[in-house]
């Protein structure tokens, strides 16, 4: 970490700062120039509160040279992590297609979708039981009953399941869930992250609507710092001023995260775009960008045209997508 | 709510949709044009899942005519709400200055700040006990002990206190707290909002870093729908690409919220700007814009220059700001 | 176009509005509901100033049903356009790799790069002559001399060339340039667009840093409305709060634009990411997303490590990328 | 300027870089640490291309200690600049209210508005003659005829006038215009800025929709570097994801710019909010924040309710606003 001091910093102020930094077990390399003084902080700077340091009256600016995340950092863990989710591996060349409906509705629905996506090549079943909704008046999901239905589908097909948690108090319900999803709105629900860190469950951590990739990694670090290293990162679109798509899918997150961390990276083109017509091209683009998995919404229900959410693929579209993704993955090997 | 149907929608699809809408107790006014068909939905559309409706294959687009929030809506509650926080009123002409340190550190510190800001004219004491931090390695606040020290300061000065909650499991600790703050990162922690809705405590709800004002009101609605109407909204800056300030303070939120809702609106210029030098001008601007209160960070500690956070005013700066705010409030009467 | 009128609109105001709209040769379908009145505007609404209409006191909101762009609109021109740039075709299955240095520096440099990228498979040579720079003190390019050197490289290799125009007064210099580039900062320099519309040159129009896709299409419409239909659209990243990459590449722009317009879409991963290490994965992702071309920065100069811009690939990296892109394009056929 | 070099930089690479920097007449202070090497660049770093330096393969990161703008920089010009616009002074305590219609329509209209706003206390008349419009099919203003009408209003009232330029080729028409406005979309039209730098006209430079304050100052620097120091900066709202207001007015721009530069700062609440109901509170907030002037849209035309743009105040509303602004300015003295 580099700190540039303001012109006019007194000897006394400098000494005061140096003793404060040394108390944090840091070595400090002072370089006094004519126009500015630069401090090089050496040691475990992940514990330094960069914002506090930068806010001191004598400090002009602070710059990290090393990243504030440690356990998630590829520098200290050069090999890709492989996450095992109910027998399915993700990361380091293992690629997983995760598919299923937005919300679990009925046993028939979830089993039918599960069987079909499995046949098409999906390895993991997704389905919403607890649904975070902007409005308190909107449908909030089947909750515990939704998880029960997912477990039925798991029993019927053998597919591991992933579903979202919204509150640590419902953790017991997730005992047989294979991957626990933390939604975008909870990416910085630090208490939830810490509690999930005490489990050994694989966690799929979604990037928040307006969070940087470094903040995503700091949230992964919250989980890892409690002992749980089974983390899958998920890019699902960020908020911009563009209105044609629901969010803006930031596919550069895939290679950036692969540079910064050893954790696998999954892409969710369904929530990012909000439009089924865009999902296939964004899914193959994600595969081309090197994603370790793709999570897409798939529905059945030929009878009920009304229920066809515009962001969900139907069973046949998913089958075609699966093949396109496989071809693209072959092409970039 | 207006729904525009796609060209080529069949009679059967239209009937299907109409019966679905009528099941939700809505009257539907169909206007079939040559180029498009428009449905006018009349009734309690706050229960209509606009996103789901818009995602149906036959629907071109959906537009709300009435807002999705009800209890927070000024249309149904034309008079300004007045929130009583430990005897201090906020809203409808009652203005509150809320001041105190970023973090509660020691009994001496918090009492000294409380006494000084009270003398300068502040009506409510703020202080962080549970601190949401991006990094798991950063100082997370004194937690329960911090609340205890705030209560000491309240006893010493008579000032009501406000402090942030991060997890519903710590609610018991907030029994004697006068206003419970929900931070920006928890604005859409819907479970927390619902639990706070079951209390009768005044809640100060901060706008999320990338949330629209309508989303802020929907989060207020989450609390209100459970029975707690004591809500104070807080604008604290949104995330943009500008880097000179920590966030971008959106002062137009004040008159916009006053148009949309009867709830009082408080502005936090300290977190928004991240720089003490900008706080006074943004605080008086907030007062001029019609804010019902201002929340600023104030520190004492002349001895410890290191601890002077760049976003905190010192005691004397606060005293001057208090007077400037009062003069501006007089000017806009 | 749909206009929703405010409650309380008088008969007189409505009649006033209707006569105004009919003066614009629009048919208006009035649907008076109990709670709101909806106007359906039928005819050539591209001439209606939606913002003005929406700002009238009696208008609650306005919604376009049809897009405001006409000549660029796929609805009126269902087949993909094919742009011929000096004999190289782009669009409707014709794919072009555009490569070359950020700035033209010397004749040796530009010819060496041109020969190498041609050999690797590039079809068009790019190179900056007029450089838009944030600072007036930074190098602004070789200007006319840069174009002369590009023409030398074209003569030496047969590759068509593309370079950026910054001012209509330098148009004469572009006589032998095959594609004129309009940079992101000039996307809404409407006078420049109109003048380029009077030429018959292929124009590569870059999306502005904070412009929507509809605004990009409206800028294309500016050029087309003057008679020049030879337009290539270019996604080059938008500005967000993320700081690891220079901009955020919005690859969903590719399928969205293919839905909305018949014009070809090219992606520039070099400027979008600002980091050479991210360019290959974003380039293959762009190809997978269906881009009609990719524009990448490539440099030579093994001798001068200093000049290796972090966003430029070297000659060998480009050769490898070209092959990866071809494999991915084969995979998505 | 501080440059941090990557680990593993060789002696040869370092020497190469040092000689390159020294060729730019910079002194370089090398501080070799165990984990990183820091270069302190001393001298006129405004000419250093920070982006190029940062993109070198051996450079980890670059940080400016001094700002890249010089003539606009308060450090080198501590006193506020005062701009004289047709006899009206702006800056350093001189405050100007600028008012007038969005577009000049008729002689009657512009003279009536000019007389009324003058009577209410406005010092400068605004009116659009050349109108930048997103759509080529929308009304583009009366152009030269609009300027002629503005000059008639100037003759009738004595008010200096301000109007927007879109193309350097129309500069002759602006000979008797008192302040030339550069719109948000042209903030980085560098050729236009340089040409305006060759005149001695006061220039009102609007911040671009997605530009940082430093970029705004660099654009001012473009004008100043050609010799014209008569620049007024204007905050007019930036683009965010919020949809209730047209843009998000960033009032912290006022104190930030006052810290960074000696140039006066004007605020345009009409374009920023797009809603007349929000203009008065944002105008008084701008005055409270310390703005050197406010520019608001004002219309007359009681007869034509249709033409009442929602962002324009009527004559009486403006008269009231003028008084409120004066009271607030008195309060913050």
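By written order: A, B, C and D. Residues from 1 in each chain.
Simple rule for what comes next: a contact is a pair of C-beta atoms (placed from the backbone, for glycine too) under 8 Å apart; a residue touches a chain by one contact, two chains touch by 3 or more.
Since this is a predicted model, take the numbers as computed values, not measurements.
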Path length in the contact graph (chain B to chain C, fewest steps): 1
Identity of the chain that, by mean CA position, is farthest from chain B: C
Between chain C and chain A, distance of the C-alpha-averaged centres to the nearest whole Å: 31
Separation of mean Cα positions, chain D and chain C [Å, integer]: 27
Inter-centroid spacing, chain D versus chain A (mean Cα positions, whole Å): 39
Junction residues of chain B - those touching two or more other chains: 210, 239-241
Graph class of chain-chain contacts, one of line, ring, star, complete, other: complete
Touch list for chain D against partner chain A, complex: 2, 4, 29, 31, 33-36, 38, 40, 42, 60-61, 63, 65-66, 239-241
Of all residues in chain D, those that touch chain B in their complex: 210, 212-214, 238, 240-245, 248-252, 254-256, 259, 272-273, 277-278, 281-282, 284-290, 324, 327-328, 330-332
Chain A residues touching chain B - in the complex, by the definition given at the top: 13, 16-17, 20, 46-47, 49, 52, 54-58, 68, 132-139, 166-169, 185-186, 188-191, 194, 208-210, 215, 218, 221-222, 225, 239, 274, 305-306, 308-311
